[in-house]
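Next come two complexes built around subunit A: one with subunit B, the other with subunit C.
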Partner chain A sequence: MIYSLYIINKAGGLVYQRDFAEQLEKLSSNDYLVLAGTFHGVHAITSKISPVPSSSGIEVLEAETFKLICTQTLTGTKFLLVTDPQHQNVEVLQKKVYDLYSNFVMKNPFHTPEMPIRSDQFDAGLTKLISEA
Partner chain B sequence: MTIHNLYIFDRHCECIYFQKWSHQRPSSMASVNATSTTTSSKTGGLLNSTSRMQSAAIPGNNMSLEEEAKLVYGVVLSLRNFVRKLSGRQDGFISYKTSAYRLHYYETPTGLKFIINSDPYTESLRPVLRQIYVQLYVEFVVKNALMRFDNTRWTIGSSTVHDIPIAGDDDAEAAERQETQQIPAGYISNELFRVAVDRFIRSLSVFE
Partner chain C sequence: MSDPSAYAYPSSNSARLSTTSSVYTDGRQNRTKSLLERNLNRTKGAEVSLSALSFLFSEMIQYAQKRVNGIQDLERKLNELGYRVGLRMLELLVWRDRNPKRETRVLSILYFIHTALWKGLFGKQADSLEKSTENEDEFMISDNEPILTKYISVPRELSQLNCNAFIAGVVEAILDSAQFPARVTAHTVPIDGFPLRTTILIKFDKEVLEREEMLK
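This part shows the complex of A and B:
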């Protein structure tokens, strides 16, 4: 089950946030911005404190009530998917989310890069994708 | 599967324990450990521990242990608060994984934080951390009558070690021991605890 999706730009700003289920706490939009910034910083540090050389940043965060999967694109945008702790095959879903992002956000001539995403088609595509998953 | 290192932080965000396990040369590593435990009876294991601390640096990383410990603490505390905020529960954060390692986290009700780094494919080591707390920390640290709890850095242990005269003591060595009086991060002279943790971790099936 997918709980929510966050998209963080390369500077650590939250550009998209959407909940698909009620399991997580509802926070104010300011809190979500703070959390995104925190995660961005932690992601950078986790590759520095690795006990073995050349580690990536945080990829999966496990908590008792949820699991957070982070994929970073080559341009530095981070897609965070929050799922239930037992969820499998998130990679497939991540790829589909990225497809939607490329099609309806990046190809949108009115979209300003690194700015919050406002696209009805992206929203609709996500709703369809998550309901099928 | 491997276990890389173990940190223990007190609730004042002080790194009170650090131990690293090297997997490159297991045979020579074992012999180093064997000599350190035999010589520790003579020198109190103090100088041995310091040399072990210096060799603890990550290859290709020139951060001091103190700086590294601060970063680890910062990451863990941020993630703990992150999880608390999202899930609304007190102790939700279990572990995180990168492409090269996995960090496991356990916090006691008193605010002690146990952190272990393993390879990314190890299953949850939270029971192991709990066992270190219950069976080793409580036994060898909390029940140690010489422990001073206003300062959890095991100062009492190091001062008794310093009182032991060492044969062939020259000025350089004395100066060196004066320096070690300033206890660096992760520095614990409670040798019994260190040995017990080492033995326990090495006995685990995930340790290879």
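This part shows the complex of A and C:
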């Protein structure tokens, strides 16, 4: 079960947020921004305090009720997927989300880099991907 | 007397980069052959990556968008860009044809666009070629999934825009240079299962239909 997807730009701003499960509590749009910014900070701290040099920072956060998987691209964009704790094979899904992003967001002339994502085809692709997963 | 060294030829080691094949074609083309030496009629293995094309077209739209006022102006600009491609495509396609000829009838030039042009540009035929039921002088060529705009999502405030205005420009140039002057526009006409279906609307000038009438 996939709960939600967050895409955070390299400056820590939330550029995309979408819930896929019904039972999730809705937050105000400001709260989502704060959440994204907080995670961005936590990610920066974890990569600094790691005992191993050049750590990529937090990758998985497992809790009793959810699991959060973070992948960072080479350009510093972070994809966060929140799933149920038992969910397997999230890496494959992350890759497919990144695939959709690089096709329908980056190749869209009406998208400005680092700005909120508004692309109908990206939305439709995600809906299809999550319903199949 | 002028100094002859002022007209010195470029030294042989300053090879012009634009004529040597780029690394992107590695594995598909013989790298020692420059673009200009390749056979014009051999299209196999000379396909362009869709990603590269999409990024280039995306930049072209962003470039055009900075220099226009309004949607209609943007479509006109894209049409102009396509026009330059169309002029060259007609020459190239006729050259590649096994038994090339000059089309003189409306239907045969439309069929040429529907088949030869679409195959030359996109590797497939267009999905339909229709005559308008309302107007004598209008014809429509439709593509269910236009490759060029595959990754483009037009924002709501520009919903009137169809980026295939570029293709309309290509078609207009071909018709113009084949002596079938026409106005060509692109419209989004979604049907079930094909939300991006695009219709290229061709409106011929009066003289074309008058001539067609004489040829009958």
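Rule of thumb we're sticking to: the second predicted complex is superposed on the first by the 128 of 133 C-alpha atoms of A that agree within 3 Å, B and C clash if a C-alpha of one lies under 4 Å from a C-alpha of the other, contacts with A are read in each partner's own complex, and residues count from 1 in each chain.
One rule holds in what follows: a residue touches a chain if its C-beta (ideal position, glycine included) is under 8 Å from a C-beta of that chain, and two chains touch if they have at least 3 such contacts.
Treat the numbers as computed from the prediction; the structure is a model and nothing was measured.
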When subunit B and subunit C are modelled together on subunit A, clash or fit: fit
Which of subunit B and subunit C A:131 touches, first, second, both or neither: neither
Angular separation of subunit B and subunit C about subunit A, which is computed from CA centres of the superposed model and rounded to the nearest 10 °: 150
First, second, both or neither for A:88, with subunit B first and subunit C second: neither
Subunit B versus subunit C as contact partner of A:28, first or second or both or neither: neither
First (subunit B), second (subunit C), both or neither touched by A:50: first
When both partners are placed on the shared chain, which of subunit B and subunit C touches more of subunit A: B
Partner chain(s) touched by A:110 [first = subunit B, second = subunit C, both, neither]: second
Touched partner set for A:120, first subunit B, second subunit C, both or neither: second
Shortest CA-CA distance between subunit B and subunit C [superposed frame, angstrom]: 31
Contact set on subunit A toward subunit C in their complex: 103-104, 107-110, 118-122
Residues of subunit A defined as touching subunit B within the complex: 24-25, 27, 31, 35, 38-39, 41-42, 45-66, 82
Residues of subunit C that touch subunit A when the two form their complex: 51, 54-55, 57-59, 61-62, 65, 151-155, 158, 163
Contact footprint of subunit A on subunit B as seen in their complex: 4-5, 20, 58-61, 63, 68, 71-72, 74-75, 78-79, 81-83, 85-89, 91-101, 103, 117, 124
